[in-house]
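I've put the structures underneath this note.
Same chain, two partners: subunit A is paired with subunit B first, then with subunit C.
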Partner chain A sequence: MPSNAPLGTPTKVTQGSPTKGGIGESTLRPDGTLKVTGEFAYSSDMWHEDMLWGQILRSTVAHAEIVSIDTVEALKTPGVYAVMTYDDLPTDVKNYGLEIRDTPVLAHGKVRHHGEPVAIVAADHPETARRAAAKIKVEYRELPVITDESSATAPDAILIHEGRDDHHIGHVPHPNIVHRQPIVRGDVASARERADFIVKGEYTFGMQDQAFLGPESGLAVPAEDGGVDLYIATQWLHSDLKQIAPVLGLPEDKVRMTLSGVGGAFGGREDLSMQIHACLLALRTGKPVKIVYNRFESFFGHVHRHPAKLYYEHGATKDGKLTHLKARIVLDGGAYASASPAVVGNASSLGAGPYVVEDVDIEAIALYTNNPPCGAMRGFGAVQACFAYEAQMDKLADEVGMDRVAFRQLNAMEQGTLMPTGQVVDSPAPVAELLRRVQAMPMPPEQQWLTAGEAADVRQLPGGLSNTTHGEGVVRGVGYAVGIKNVGFSEGFDDYSTAKVRLEVVGGEPVAVVHTAMAEVGQGGVTVHAQIARTELGVTQVTIHPADTQVGSAGSTSASRQTYVTGGAVKNSCELVREKVLELGRRKFGTYHPAWATAELLLEGGKVVTDGGEVLAHLADVLEGETVEIEAEWRHRPTEAFDLHTGQGFGHVQYTFAAHRAVVEVDTELGLVKVIELACAQDVGKALNPLSVVGQIQGGTTQGLGVAVMEEIIVDPKTAKVRNPSFTDYLIPTILDTPTIPVDVLELADDHAPYGLRGIGEAPTLSSTPAVLAAIRNATGLELNRTPVRPEHLTGT
Partner chain B sequence: MDFLRPASWEEALAAKAEHPTAVPIAGGTDVMVEINFDHRRPEYLLDLTRVADLYEWEVGEENVRLGASVPYTQIMENLRPELPGLALASHTVASPQIRNRGGVGGNLGTASPAGDAHPALLAAGAEVEAESVRGTRLIPIDAFYTGVKRNALAPDELIRAVHVKKADGPQQYSKVGTRNAMVIAVCAFGLALHPETRTVRTGIGSAAPTPVRAKTAEEFLNAALDEGGFWDNGKVITPSVAKQFADLCAAACNPIDDVRGTASYRRHAVGIMARRTLTWTWESYRGTAARSEGVA
Partner chain C sequence: MRVNFTVNGRPQDADDVWEGESLLYVLRERMGLPGSKNACEQGECGSCTVRLDGVPVCSCLVAAGQAEGRDVVTVEGLADFAKQRAEHGGCAAGACGTSLQDAQQWQARGTDSQTGEGTQLAPIQQAFIDAGAVQCGFCTPGLLVAADEMLERTPNPTDADIREALSGNLCRCTGYEKIMDAVRLAAARQGEAV
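Here is the complex of A and B:
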């Protein structure tokens, strides 16, 4: 029977038993060496005897009616086993979607964005499949494209989705708006009267891609029972399952999913990609079907980070106190809803940043347009807002005449502060302290490109190996930023996880097996689950069972939540197993030692010990041939929805904070940037694996740097087509673009969370971008209201 | 697609004569990308990797004869004194893995305006050794680039080598990309001083339909250096001369707006690179002059 921790009550923070390889140690990833040496099997490496290859035909235009689809030539191609279009879908369920099922499995009557799936092909060779797909003739009647707020909300605008019946349609001002969330608190109009300084800004955030290295891929194997086994790289097996099964017309237990090697995710695998297509083709042909996107297709195969326009007005008194915030955040959700509603919830509720500001009027909306669909990406709505409010903080500090860090510290929230949603921040919020720490770090030396010889070390200069400067035009700048991110799924979502833990004796040794459906996408869950099991059960050997749908849902590997929630579930199940083991022990050995009845007992080093360290029994003797196994769900404290008009509500589970100091050198003549250092301080509550924590912080910092200076999907505003779907032209940082990243980790426990931990993955992605932008502004004196910054913006060309 | 694998240069020429549409492949760093993404599906691929001679180079009195397949890594490591501009350009090519495979023959064969080697070859002064079963000819680099991704090769010709003048003075190469490594040029600039002939040559990449020289800028600078006796007196080039040179280099561009950058930025950046590379090479020339005076 599943057993739940009591809702709403804090989980007791227990000091785990000091077992080797337990929590707090930097144990190494089990897959680390394999990945570094190229031996790890990713989902794209899978192979099955007799398998076919699937290929997706995608729309070449962004907005059009489909006049006709002719598959005759494709079907005639030797080696082709199946060609399917919308008409071949087996049930009445023909759409999928994370929250709103508005995304067609295959286009029906209309395509709404460039690269939308129109038909699928299975053939005995990937090249044959590709060529056959190219022979499908699709006739389009093009429609005008909707690409921004004014074209989306024009009175005569074509509706991207006609006949919407989702639960947001009742409160949005226009059917081309997915969701709208106001956050209103206090009285901005009268607060504005108190302001001595008012700063307004308009900011633009470009479309970032997750750019995970392992493209979308999976293998669907038809089973004898009429079901299908799907091996897949995803972020949430059970969410996929709930969307896949109805389209196939199968009960969920006949769609058995197993996680295969995931090459990164960053939110880009929250939505389905090729899952349903592979299953459809496998069930149609009776053969295993593998689909692997190439890099080009991958850019069309997953959602991106919402590009945004942000309009901010802040006020401050002459002694530097914030008076009010009025903000409007317009997110471009593209053609389908994906995670847009939740991104709106985050952008609005976190739109004020980690500051005390009592009078707030924020509105966030997400648009439906014909641009590429946008959804989850590391930072999830909080990233765009942070870019804007941190730019505002610098401007305000300058207006007031205060040091920029001191100004932030003066207005920084702390434990007990009320969010603009009315939620009390009820765990440590060391915003001022994080800023103090990054500011206190030693500055990197000046002019590091100077060498003992005559030549400049160009690797240390803007332009790097391209040899564009030997110091000419180079100006240093320093910038600071801090951000606030929520952890876990918010707004009343039942954000539980499940863990099955078994303890048994193998060859005289106690072994724990941990089975969850958690998607390991590189975050290190497989490492920390083993650490938790060692700590809680006092065993050395822990086996991590492959993630699949034979165990309950673990929820998504998103929202910085897995260590908290699935880690919490593993801890909880371990505790339940431990209780059972102790019960067994009491029954067997209770009469031999009074401590069995009186003392607090622990499992440590394969033994039952008292809290005083006295050994009562060996686990092997307690268990004898018995196996103790428990599968249990675990929940963090519940949240509630934001009020649709005021945005008030206990919406978030936990908050997390990081601060950055960026040091950049800008070639002001050529507009090239070298980020010299990105120092980060972050509160992680408790570092379960310090090495992984630093890795997450450095990775998130680098992803934030990417969207500051280079990463952007460029969409043609006239055609809504993607112009740079390749790693040739969608640039991500190389090691020469990646600065030194000194990390200062704080561990202030959150008493509500397992071990006091705080989700870590996203916070560093927030403040990294505005810190780099602030440093570039500092070096150049330019206003720079858009990210990423391109050389044209820095040179005025 | 047929894969032709000649064992010798003669066999390669014969195969190219028989199948003029055959696409030569050596490092494969460009051709394979095109094939993998289905941008191009030639009838024949002509694999030159068995022709060992193409991986050789010879340093002669006047020239370096550089085999078409000599990888960029080799140029960087072995030919820096003779071909400093090309060595610097080689440094900017993609990643170490690509530099281990790709060579100048591929850059010339593709003739993309963004090829990294072109500005250095234009500035140094080079000739392309093209051969067919009909015979061998040397195509001056100035006449080699005929259009966007087009060159002066006849359909039955293969590039055997490129003859590059050994440096008789300082050379420089700069390339703008929006990343600090592994990036395709937004624009690039090569400059070579030729003290023996008292001339300066330039090369501009990615800022016109083909790689081009900034001839007006060269003529201006040649005249200005002569007039002021700069080659002899080794004086610092006056800022106004450097600026005029830079402006003329920018004016030699005929760029486009694309996803990598705007036309106006390209023009601007070429001007900056022209000024800087002139300063670097001239300072280096002055340094050399001073040292040789010292020795004398």
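Here is the complex of A and C:
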């Protein structure tokens, strides 16, 4: 580490292991020790001599013209080094965005949502910066707010973005619609004739927040060459870089990005937050600038999960076969596009769920409104759809008079099924089996709150320590759900990753160094990379280099893709290194043993061995002071865009499935819900690290539980202002709200994927929510067409 | 203003502290101890949990001045704190809690490790690693301080006890199952060691 590097700069993590520690083993995290001792440096922990603190001033209204901005008082504040507004932006590039560059770095003439950045301040103390920002006078002329489909598409609706020239404008029915994707297959009108039962439903999905615990933060350090070094928590360094550099007017190689510790992400770090602001202030003041959001600001500082209205109609024959599906999914994208187009693609293409239904007519749209911008969150469009189609399945099963699980199994897709997009599901799709497994798990005992001869343990009851019931009025319910999610970036995106792998001898021992730009956000990618290197190169010692932009892009840590794609890239680069090492060995030792030329050679335990296990040479002797290094890109099989009118196309790389059974107890008098157990069965293809796999499934399940019974960002429909931007008012599950989560992991290999693995992170977030809702419906007999469920929905008060 | 208090057994002071600064801010930004985390800064998430004269508190809600002359234990000192407690009998001897006198008699060792390898850990820290209770790790320091204190008071906790004791500490990654496993594991190991 150079001596002028700021405090908290990530260092290489070397992990030795006494065991083989390859894939399939539950090896422990290489960053575990640092994380339990408090030494692991998150982006908010960065510190630099002489650093300043940045603060963002955000709009107090959702939709308004900016009449004037007066920064005089703020600039006069002692300790303030800079105040910047739109007028201070250094180049013609003043917007950024993941796909559509519609998001202003600082508001220009207009604000489009509550909490939009208007000005930025740098000062020598965070409180000084906050107080100075508060002294900036912004005069707004308020405009009417657009908050839903009818106000967005009204004939006289104000356009959220005038003069759109993005590549979706040509096919959307209204300029306040970001993107529209129909999926049409078969003939719904005639299929509808065959239906003995038709079930219609209107469903509402609330706005969920990622609520990662590590706030948006980072440190920008101006460099002597006029560039900037940025230490940042993100999900995709290279995507950030492409958006940051043009705004700063710097070539990409002068914006050097290093991944700092990331305190969770869940989609909320796909878009930029404070990156450009910190760089602008650092370049303006010539001093390092640190920005750390507090929780209040974090709720305004990242996109949320799209709230949605979903209109579904299914039909079934009297023997329980689905006839058709008509669905319309309206996603609220808020003021800026973010990932809305891709969320639309997912919601529509996965809108039928994991079922065989040949005649479909699905439409998904995302709106521009003045609500908070929405974009990526774990499950990405598939979550909202799953909530609706699973509610429909229960209603249909009841109409037909079948068991709800049996009805699903009868209609479950399997390998070979055609998706509504016409794409063949060409790897295992064990939908019926996952349902069978989750149903077969033992049920939790009844009335667990009863203690031997004593009063009820209220901690086990709805209402908990509020002591609202000792079991009176408490009813148990059970519900099931299953979902389908895609893995990787879809619709023809060039979704590659890059890995640099070096093999060298240090102190007589071979060591593999793995360098990627993969954002480790907690998922355990660093653990898995070390395992892959051990398996492929037969070494014990693996060093994981910090992630930065000095190596090629790894793509995003999202879409359940990193183990597949960057894992695939690490595997591929290891294989290329292995070939070079074997070549080296053949040159040096080939004449000593015929097996060098004839046998299949492997690297095991630091040695070159034949597939029969005979040792040919030590790696240390083969390398003898040389290092072998490869940096290579790796791609999964290509996908293609969905047809804009029919939605047909080989759009997705891989599908992934999970099923849940929820057991709840509801205090029917007070409308309080306690989830007793949330069992999950998931096919993971191949569990590279079983401990981490189960951890992902349990974590994803819990986020689904959160949006079932508590989590919702409340936006005032009259003002489009956020009403609960804090952990006091936006509740995420605590350890008391979270039940036991037994997990059954199935491993059916996908032959297209490295090691047969399947992306796992998102699928459990899909079915968890509808399973809990189904269980509450089962307990209460209520229809419950919205999530999250609040007490008043259960008591009718 | 100037504040003086003991952190992990060492007297510390900070100058030019603004009256509104929290104990968390002073630890993180003035004393070079960023282990205590800043997830909400409003007392809801527990990520900043430290012990103040032995009592677990959200350090974001303690004004730095309130810590004057008192004794603070952070995650950075947890391993040594647990070691010295074990050497002094700790809860196993029936003397639950750490007396102020005991707390003031111990000192954290320095470490120059960059990767953490070879670091001696408290049993609860090792259990969190072994059980897979760490993902992003941002909640981990606060949970460790809270769980360690709970095990000091309640060496053989029921699941309901664990959930109640840790209900002030939010985790967004794990779904808490492996945190439960970790605390059970630490309790079991503590039991075996007696």
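Operating definition for what follows: the second predicted complex is superposed on the first by the 771 of 797 C-alpha atoms of A that agree within 3 Å, B and C clash if a C-alpha of one lies under 4 Å from a C-alpha of the other, contacts with A are read in each partner's own complex, and residues count from 1 in each chain.
Following the convention adopted for this analysis, contacts are C-beta pairs under 8 Å (C-beta built on N, C-alpha and C of every residue); 3 or more make two chains touch, one makes a residue touch a chain.
On a predicted model such as this, the values are computed, not experimentally measured, just so you know.
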Touched partner set for A:262, first subunit B, second subunit C, both or neither: second
Partner chain in contact with A:68 - subunit B first, subunit C second, else both or neither: neither
Subunit B versus subunit C as contact partner of A:42, first or second or both or neither: second
Which of subunit B and subunit C A:31 touches, first, second, both or neither: second
Partner chain(s) touched by A:598 [first = subunit B, second = subunit C, both, neither]: neither
First (subunit B), second (subunit C), both or neither touched by A:741: second
Partner chain(s) touched by A:213 [first = subunit B, second = subunit C, both, neither]: second
Touching partner for A:465 - first (subunit B), second (subunit C), both, neither: both
Greater subunit A contact set [subunit C / subunit B]: C
First (subunit B), second (subunit C), both or neither touched by A:699: second
Doubly contacted residues of subunit A, that is, touched by subunit B and again by subunit C: 294, 459, 465, 728, 733-736
Residues of subunit B that touch subunit A when the two form their complex: 36-38, 88, 91-92, 172-186, 259-262, 264-265, 267-269, 272-273, 276, 279-280
Interfacial residue positions of subunit C with respect to subunit A in the complex: 18, 20-21, 28-29, 32-42, 44-45, 47, 74-76, 78-79, 111, 113-117, 119, 121, 125-126, 128-130, 132, 134-141, 144, 160, 162-164, 166-180
Complex contacts: residues of subunit A adjacent to subunit B: 130, 294, 296, 459, 462-470, 472-473, 669-672, 674, 709-710, 714, 723-724, 728-729, 731, 733-737, 790-792, 795, 797
Subunit A residues touching subunit C - in the complex, by the definition given at the top: 7-8, 11-16, 26, 28-29, 31-42, 44-45, 47, 125, 127, 210-215, 261-266, 292, 294-295, 457, 459-460, 465, 521-524, 691-692, 694-695, 698-703, 726-728, 732-736, 738, 740-741
